[in-house]
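Please go over the structures that come below.
Note that chain A is present in both complexes that follow, paired respectively with chain B and with chain C.
Take a look at the complex of A and B:
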């Protein structure tokens, strides 16, 4: 059981900064997900915690011990790799036992630990098999088992579900969540899949370009993205962005965009104060947009370009002036033809404003 | 899908039916394939298969210069070879000792070289080139070099031992010293070969199991015995089997270093065959010995491969 603290952690390859000044505290028993596009530094960060990469600068502490110079085996951590990294020549039992045997744990204790782990993971019938005789999901469970038997202080996961098909991935996601509730260990999980990040994490760390963009609960990340990048990365379909300009009208603000004008809510107004006349980016989540075929106040006007029928809802792409706007949660049974003129409205409180230059949220 | 379309066309007058056309196509492809392998098949037949048949046939006859009839004598030569105490108690033990000693040592040293080169260090390129040098020298030259290195009067080794104030043995005049020099030479020649192939094997291994082992608290030695070696098993197996079979027919090193001497005490299988066939001019007896050797090495090779597969499957 341990807290993991990263202080000013950097990883440099020559002049390239793979991880740039990362500061992060992961509390005891917390499940934290690092999420971001490929090459954002999330896997490197994880591998530095594991001790598989040197730390160029900064310190990492696990529990109350600085681990910068400790080899992986002395850090008391367990890791699940993307391709599982099982020992192909060993049986499932020996795969689970290997780490304990290396630590000179007596065989009867090893057996007891493995018994407990196989009950949690449902691996009982597979103990004598070799990894190549197992399905992807089963191999994944063996890799998890390797962590459970160890009672490691911290569990690290490096994109563990990305080699599974969509259905199995959803299933294993639930199992992981259940497992964490049962085993209660500090867990750090790396993924590029925002759905995994949102569903699994107690807190989510969004990374981009070697830096942390935002740390917060899934809801905070979704509802109050601090940068345009976070807003665009989290949420599916992705947030729509329109270029606009702030205008003050005495009592409040509105933002003019080529497709129409948005009234700024009181909550957002504080962020826009002092930005009169400045260029901003307006963010609208597809699920917050209402689409109607009759003219409405404060609405964007456009034409339907495409519709995607998902059964439970429709996704509609609307072209307004030069912007393409995705609208989701449109009733599935509505008969919408491409080319139909439509009006899009959004509650002013649902809009998010970002500085065009710094891409920081104005709020 | 032009072929499907072509097949659907009605077989009009003068057109070839689709099935016949397809069989002609297959026939053409087959001819082409046969044409490609024919030259090598012919060479193999002429220089391998035919001599094997002639040799095997000879081993059942009195195939000597004074018997133009080449009288059929059945298993007489086999009986002779298999009851020859020199063959049974010197030649075969020598052959297998050389095989085990040379293959074992060059595998161990080759593995050490491969691990060293795999870790990477400052002068790695230079070391890599130096280590590979013996491979570029022909066995004949290497053996001649070694004969002079171990020469009891002018050799470097004895000069060095003399400088240290140690005894200066007549290396090639004593059975076990001479045998030691043969093994040493063979190991010297073949270590780079093992090193190179094992290094290629090491480089092709995925790195994740090693990282997992590092997190699993496996020390260097346990990682080597429990992860590296089992994962390299296919490479090790193939190397050992190829080299063991090759070692069984070692000729040049032994011939140049000791000529089988002193007093036939370092004679190995191929020297024995050569002596019988070309020194004693008893081709039939030589052939019989060669056939026996072939059978032995076939069985030994298969057994070795099975053994390696079983024993290398480390799981504890």
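Take a look at the complex of A and C:
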């Protein structure tokens, strides 16, 4: 059980910064997810915590110990890899026992630990099998088991679910969550899948271009994205963005876009104060847009381009002026034909505004 | 209209076998397979038959029906033959054991590590591989001669180990490239040193590949002729060269040579029969 602190951590390959000045504190027993597109530095960060990569600059501490110069085996961590990394020539039992045997744990104690892990993960019948005789989900469980038996201070997960098919992935996601509640260990989880990030993380760290964009609870990240990147990365379908310009009208603000004008809510107005006449990007979440076929006040006008029937809902792509806007949560029963003129409205309080140049959120 | 034109533009191609009787394809396949089998088996059959014939009966297969084991007896009564077998066996085995130690570790280094050392090593192996192996023989002879290693077991052994290392480090690198390195990372996190991760996880995983490589190395040295011819003489007789010595001024003793060749073939046959699974498995990694 331990806190993990990253202070000004950098990883350089020649002149390229793979990880640039990362500062992060992961509290004891917390489940933190690093999420971002490929090449954003999330895996490298994890591998530095594990000790599989050197740290170019900065310090990493686990518990009270600075681990910069410790080899992986002395960091008291456990790790699950994307491709499970089971020892192919050993049985499941030996795979689970390997780490403990290396630490000279007596064989009867190893057996007790494996018994416990096997019960948690339901591996009882597989102990004598070799990894290649197991399915992907079973291999994944063995990899988790290898962590559990070790009682390591920190669990590291490097995209552990991305080799599984969609159904199994959803199932294992739940199991992971249940497991964390039961085992209660500091966990750092790397993924490019925002759904995993949102569902598993106590806190989510969004990374892009080797830097941390935002750290927060899943809800904070979703509701109050700090940058345009975070807003676009989290949420499915992704947030829509429109170019607009801030206009002050004495009592308040509105934002003009080619497709129509948005009234700025009072809560958002403070953030836009002083930006009169500035170019901004307006962010609209697909799930916040209401689509109607009758004319409405303060609405964007467009035509339906495509519809995607999902059964529970419809996704509708609307073209308004030059922009394509995705609308979700449209009732599945509605009969919407491509080409139909429609009006899109959004609660003003649910719009997000970003500076066009810095891409930082204004309101 | 457009549909019709597309249909017309790609008529079903008439294939060769459409002109022939049904079943012609099977017949052709059978003939082709037989031809290939004959092509490969005929030399071996001729060799075995020759080795079982008396000296006067080797030039025409149909001359007489006399078969004898006397050739084998005669060959093995010559002490040089026995010595050659022992030498070749020792040479192949020792060279394989020594070179595997180097090829396995250097193949691993080439596959897993970056930096000047692996790069230099890779380049040197590459250069040595590009040079035709025949062109090493003369320099090696001069080196061996000047070091007093000519016609010694150690002299030929060193040459073979060198060739193994250059030829097979390369293949070993390929095997290790095919093994996922995260297994070793997992081992390092599980308490192994870098060396421990190699020894306890990567090495066992490469087991079939190493077995395959061992077999290839062993056979390579067992069958090698050129180095043996140039770098050894009467003091260190080797199989392949001794076999060639049945070519004398008075003619070639085909029957004796064949008998020896059949004996020399046996290890290769045994290995092919029992170890081909490992060779195939190893080469597939």
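Following the convention adopted for this analysis, the second predicted complex is superposed on the first by the 363 of 363 C-alpha atoms of A that agree within 3 Å, B and C clash if a C-alpha of one lies under 4 Å from a C-alpha of the other, contacts with A are read in each partner's own complex, and residues count from 1 in each chain.
Heads up, the rule we're going with is that contacts are C-beta pairs under 8 Å (C-beta built on N, C-alpha and C of every residue); 3 or more make two chains touch, one makes a residue touch a chain.
As the structure is a prediction and not an experimental result, all values here were calculated from the model.
Chemist: Overlaying the two complexes on chain A, which is it for chain B and chain C: clash or fit?
Modeler: These partners clash in the superposed model.
Chemist: In the superposed arrangement, does A:94 touch chain B (first), chain C (second), both or neither?
Modeler: In the superposition, A:94 touches chain B alone.
Chemist: Thinking of the overlay built on chain A, is A:127 touched by chain B (first), by chain C (second), by both, or by neither?
Modeler: So A:127 meets neither chain B nor chain C here.
Chemist: Of the partners chain B and chain C, which touch A:72 in the superposed model: first, second, both, neither?
Modeler: After superposition on chain A, A:72 lies in contact with both partners, chain B and chain C.
Chemist: In the superposed arrangement, does A:296 touch chain B (first), chain C (second), both or neither?
Modeler: Touch status of A:296: no partner.
Chemist: Between chain B and chain C, whom does A:238 touch in the aligned arrangement: first, second, both, or neither?
Modeler: neither
Chemist: Just checking: does A:81 make contact with chain B only, chain C only, both, or neither of them? Give me first, second, both or neither.
Modeler: both
Chemist: So which bits of chain A does chain B touch that chain C touches too?
Modeler: In the superposed arrangement, which is not itself an observed complex, chain A uses residues 50-52, 71-73, 75, 77-79, 81, 83, 85-89, 98-99, 102-103, 146, 150 for both chain B and chain C.
Chemist: Any idea which chain A residues touch chain B in the complex?
Modeler: It is residues 50-52, 71-75, 77-79, 81, 83, 85-91, 94, 98-99, 101-103, 146, 150 of chain A that touch chain B.
Chemist: Considering the complex alone, what residue numbers of chain B touch chain A?
Modeler: Listed in rising order, the residues are 206, 208-209, 211-219, 222, 226-227, 230-231, 233, 313-316.
Chemist: Any idea which chain A residues touch chain C in the complex?
Modeler: Result: residues 50-52, 71-73, 75, 77-79, 81-83, 85-89, 98-99, 102-103, 146, 150 of chain A touch chain C.
Chemist: Which residues of chain C touch chain A once you look at their complex with the stated criterion?
Modeler: Interface residues on the chain C side: 180, 182-183, 185-194, 196, 201, 204-205, 207.
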